[in-house]
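Both complexes below contain chain A, partnered by chain B and then by chain C.
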Partner chain A sequence: MAFTATLETVSEATSKIILSGELDASTAPTFKAEVEKAAGTPMKRLVLDLRNLEYMASAGLRVLIYAKQKIGADTDLYVVSPQEPVLHTLTVTGFDQSVFIVPSEADIPA
Partner chain B sequence: MDRIDIHPTHTYGDFKLRRGKPLPFGATLEPGGVNFSIFSSHAKSCSLVLFKRHELEPFAEIPFPDSFRIGNVFCMVVFDLDYENIEYGYRMDGPFSFQEGHWFDTSKILMDPYAKVIGGRDVWGVTPDWSNPYQHRARLSFDDFDWEDDRPLEIPPEDQIIYEMHVRSFTQHPSAGVKHPGTFAAIRDKIPYLKELGVTSIELMPVYEFDEFENSRPNPHTGETLYNYWGYSTVGFFAPKAGYAATGKFGMQVDELKALIKDLHKNGIEVILDVVFNHTAEGNEQGPTISYRGIDNRTYYMLTPEGYYFNFSGCGNTLNCNNPIVRNMVLDCLRYWAAEYHIDGFRFDLASILGRDPWGAPLANPPLLETLAFDPILAKCKLIAEAWDAGGLYQVGSFPAFGRWAEWNGKYRDGIRKFLKGEPGRVGDMAQRLQGSPDLYAWAGRAPATSINFITAHDGFTLADLVSYNDKHNEANGENNNDGGNDNDSWNCGAEGWTDDPGINALRSRQMKNAIAMLLVSQGVPMILMGDEVGRSQNGNNNTYCHDNELNWFNWELVNTNAGLFRFVKSCVAFRRIHPVFRNRWHFRNTDYVGSGYADITWHGTKAWNADWSNDCRTIAFLLCGKHAKEGTMPDNYIYVAMNMHWDAHWFEIPGLPPGLNWHVFANTGAPSPADCWEPGSEPALDNQSGILLGDRSVVILVGK
Partner chain C sequence: MESLSVPGNLDSLGAIADFVKTAAAAAGLDKKATYKLRLAVDEVATNIIVHGYEESGLEGHLQILAELDDKTLTIVVEDIGAAYDPLQHMLPEDEHLKQPLEQRQMGGLGIYLVLQGVDKFIYERQRDRNLNTFVMNRPTTAEP
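Moving on, here comes the complex of A and B:
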């Protein structure tokens, strides 16, 4: 499935990037560009909607790390509903400790 | 304005190039490209060979233009590479002359000695495609791990309690109940166990990329594959073993290992790496050409005048560590692990080799050891030497320390084992070992923590086997029981191997507790071998280097079946951690220097204040004055330890305490579990304050408070 990354402004405090398809070295730059766009406006939290993301290679993880460092310590990074293979990658590489992984958007504090 | 120093100046086919930077060596990401830098003292020319990941044939080969060589270093920036998906190697041309030590061969593709990620053995035990001309494949790495505020823990050396373990063995057994058995990720799942045990530091047997298929062969009896399982044979010094990572198949082993280290640090546990700089996986003259041999054979290896490999390692070749170039590589490597992976310390396998000159002679002032000792990046790292080598150099007590190096104390191991089995004439030696071996170290101004105290380690018997076997039983290694050491100082307690004799089993259980008690009341740094806390056995095999099976794997059922032993070990560890009097920074002075009325340490026997140093004596006792704990800087209780390794029970008269204090029993290995030890802090008072009966072969630890 083709990869897409879509940036939405949910509210003044929250931006969201919806990812779908396969995130690998060839598609990571698209994601990275959206992260940079998002980081350009002040916000309290960045939400990554991974419901429809099927696969994440090392390159994808690198962008997640980049996102975390780009948005700064005062902005929380939420990862919503990652599929099992993606969650596995996040967990064994320890990235789960740096972000908030939540089952749905309803679990993100307002 | 954009930088103009990051644009290509040359082309080769479709590739855009620029003159590279000679430092750092290896492959480094630059804006828009990758800087490749490699040195060879004798190569005439070099090309960069590029592969798509996993492919047998390269997609490109780019010769380094002559103008890109600086001194002996070939360096080049290649732009617009798909850096996530490439693998790279080198092809070098130069002289081929065995006697002169030159092995250049343009048919070989060579791995970068500075490769930070190595593919080719991505998943443990998957048989490699032997037709692949490039077996161990260098990849690029990224230094973007999210460490947050983590850094090495810098636990004071004397406060360490080390746990020596093998990454795969720890969780590969089905009983481990982890999602990814045998991996870095699985160790993270077991952090609660390590915390429960109470160790401060784990020492990982080699995690640098190695080839488990090196010298792999079928077991002549069972047909099962025997591997290079332990991994004491390095393929690449800068890369973690991919097969130890659940994510190795995705090439994410770097992140997984860093995540483990970060999590351990968060839980107060240090990580020490067992590093093998004495030889490489290229073996002897018949071994494979992986990297070093084809790049700069004469530089990397110690060679005889005829061009053969010196074999001080017992493994076919010897890394030429005091050649200035190799010395720098070792330094670069350790700095990289300390800075990039936040490693807390290093244990150097066969470290005496690192003190030999390029012709094999021991050096008085080995520059490599000195360099490491004074390096600013390694300044807070623990440096631990296995202070001997396979060429007969034995330096326990005399390893060139430069005020920094600790030693695996082989004399501690031997002395404790002999005393434990009841040999006569051991009490004098025992007194030295219990005090942190001042006979070996105090004269040179080396602290008690110089002495890494261990009774068992991966080499040799486990603790359970030490008390169950008189002789090694290494038949499963397929070498007719000729491999492995013969000087085990072990005693089977009355039957060789497994027995249902309750008397023998009770004695074995007691002997294990005796050993653990001795280890944890000794000054210096105790090291526990993985599984000894629950009586792990290797069926009498004292050299299980080749077994990927239950001989090595930690069977987690033992935590339940040997719960009594586990409880005893945990209690002794906890007791050591709350009593600083066991963790002095400097050696005892045998005098009262704080005005407590007691010397820091005093020696006793069955008669208080009257130690018996005679040849037939098998008992010893000592009193530690709590007012002298950590040189009088920390408050502590009085501690009395009595050891009876005689086959009869003995009444020990106990030295008196200052008024108002009473003796309490922390441990008595002569009592059946659970009365063998008490939760530290809840010790019951001793009925008779003037003496205690020690059963045959037992240890008592009292606390005066």
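Moving on, here comes the complex of A and C:
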């Protein structure tokens, strides 16, 4: 399944990366490149839209760690609408303690 | 017994995933168990490719075998890299998993997901090969 990561600037305070397909070690560099692009601009929050992400290996978790370290502790990381198995991976690894997992973008403060 | 041989590079992960999904379907595993098994095999195959082959400047293949019996589906991943027991490497402890991401180390998450996902994981070194074995219990026929 093809993987895509698309960066969008939602507002001055918010950037969004939309992920779809399968995120493994072969596709993680694409995601990491978008995180680097996003981190070039100061923001209050980085939103990751995961609703169409069907699979995520630990290579994806490593990019999340990288993102959090790159954008700084003051920037909030939001994960929107992860599919059940991806949510399970985020939960068993404790990532749900460091990122805000929300059911939809409406749950993100403006 | 089904088998697959792929070159030891990251482009092979897709073919490995397809092979595991096909074996899981033949074994009657549900969607959740299939995902977990695919994830476990993917994590170990990634380690072999990145550490066993690419970082060591070694070219080799991964041999994947699937064996089905009445009760279990067994997947074996073989490689010719240096001896590497994933279980001998640091597993994150509970404390570690509670740390905020900005303080996290990168290592150990993959093998943690392997052990979370399969019913049994075994590592063996046989002559010049690493054998990583994943066992999933097949669903029993539901009681009426």
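The criterion applied here is as follows: the second predicted complex is superposed on the first by the 110 of 110 C-alpha atoms of A that agree within 3 Å, B and C clash if a C-alpha of one lies under 4 Å from a C-alpha of the other, contacts with A are read in each partner's own complex, and residues count from 1 in each chain.
The rule we apply is simple: a contact is a pair of C-beta atoms (placed from the backbone, for glycine too) under 8 Å apart; a residue touches a chain by one contact, two chains touch by 3 or more.
From a predicted model like this one, the values you see are computed outputs, not experimental measurements.
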item: Room on chain A for both chain B and chain C (clash or fit); value: clash
item: Partner chain(s) touched by A:69 [first = chain B, second = chain C, both, neither]; value: both
item: Touched partner set for A:59, first chain B, second chain C, both or neither; value: both
item: Contacts of A:11 with chain B and chain C, given as first, second, both or neither; value: neither
item: Listed stretches 95-103, 113-121 or 455-463 of chain B, narrowed to the one that overlaps chain C; value: 113-121
item: Shared contact residues on chain A - chain B and chain C; value: 24-25, 57-59, 61-62, 65, 68-69, 89, 92-95, 97-98
item: Chain C partner contacts - residues on chain A that touch it in the complex; value: 22, 24-26, 55, 57-59, 61-62, 64-65, 68-69, 73, 77, 84-85, 89, 92-95, 97-99
item: Sites on chain C touched by chain A in the complex; value: 10-11, 13-14, 17, 32, 35-36, 38-39, 42-43, 46, 49-50, 92, 97-102, 104, 106, 109-110, 112-113, 116
item: Footprint of chain A on chain B - complex, ascending; value: 82, 84-85, 142, 144-146, 148, 180, 183-185, 188, 245-247, 250-252, 255-256, 258-260, 262-263
item: Touching residues (chain side chain A, partner chain B) in the complex; value: 24-25, 28, 57-59, 61-62, 65-66, 68-69, 88-89, 91-95, 97-98
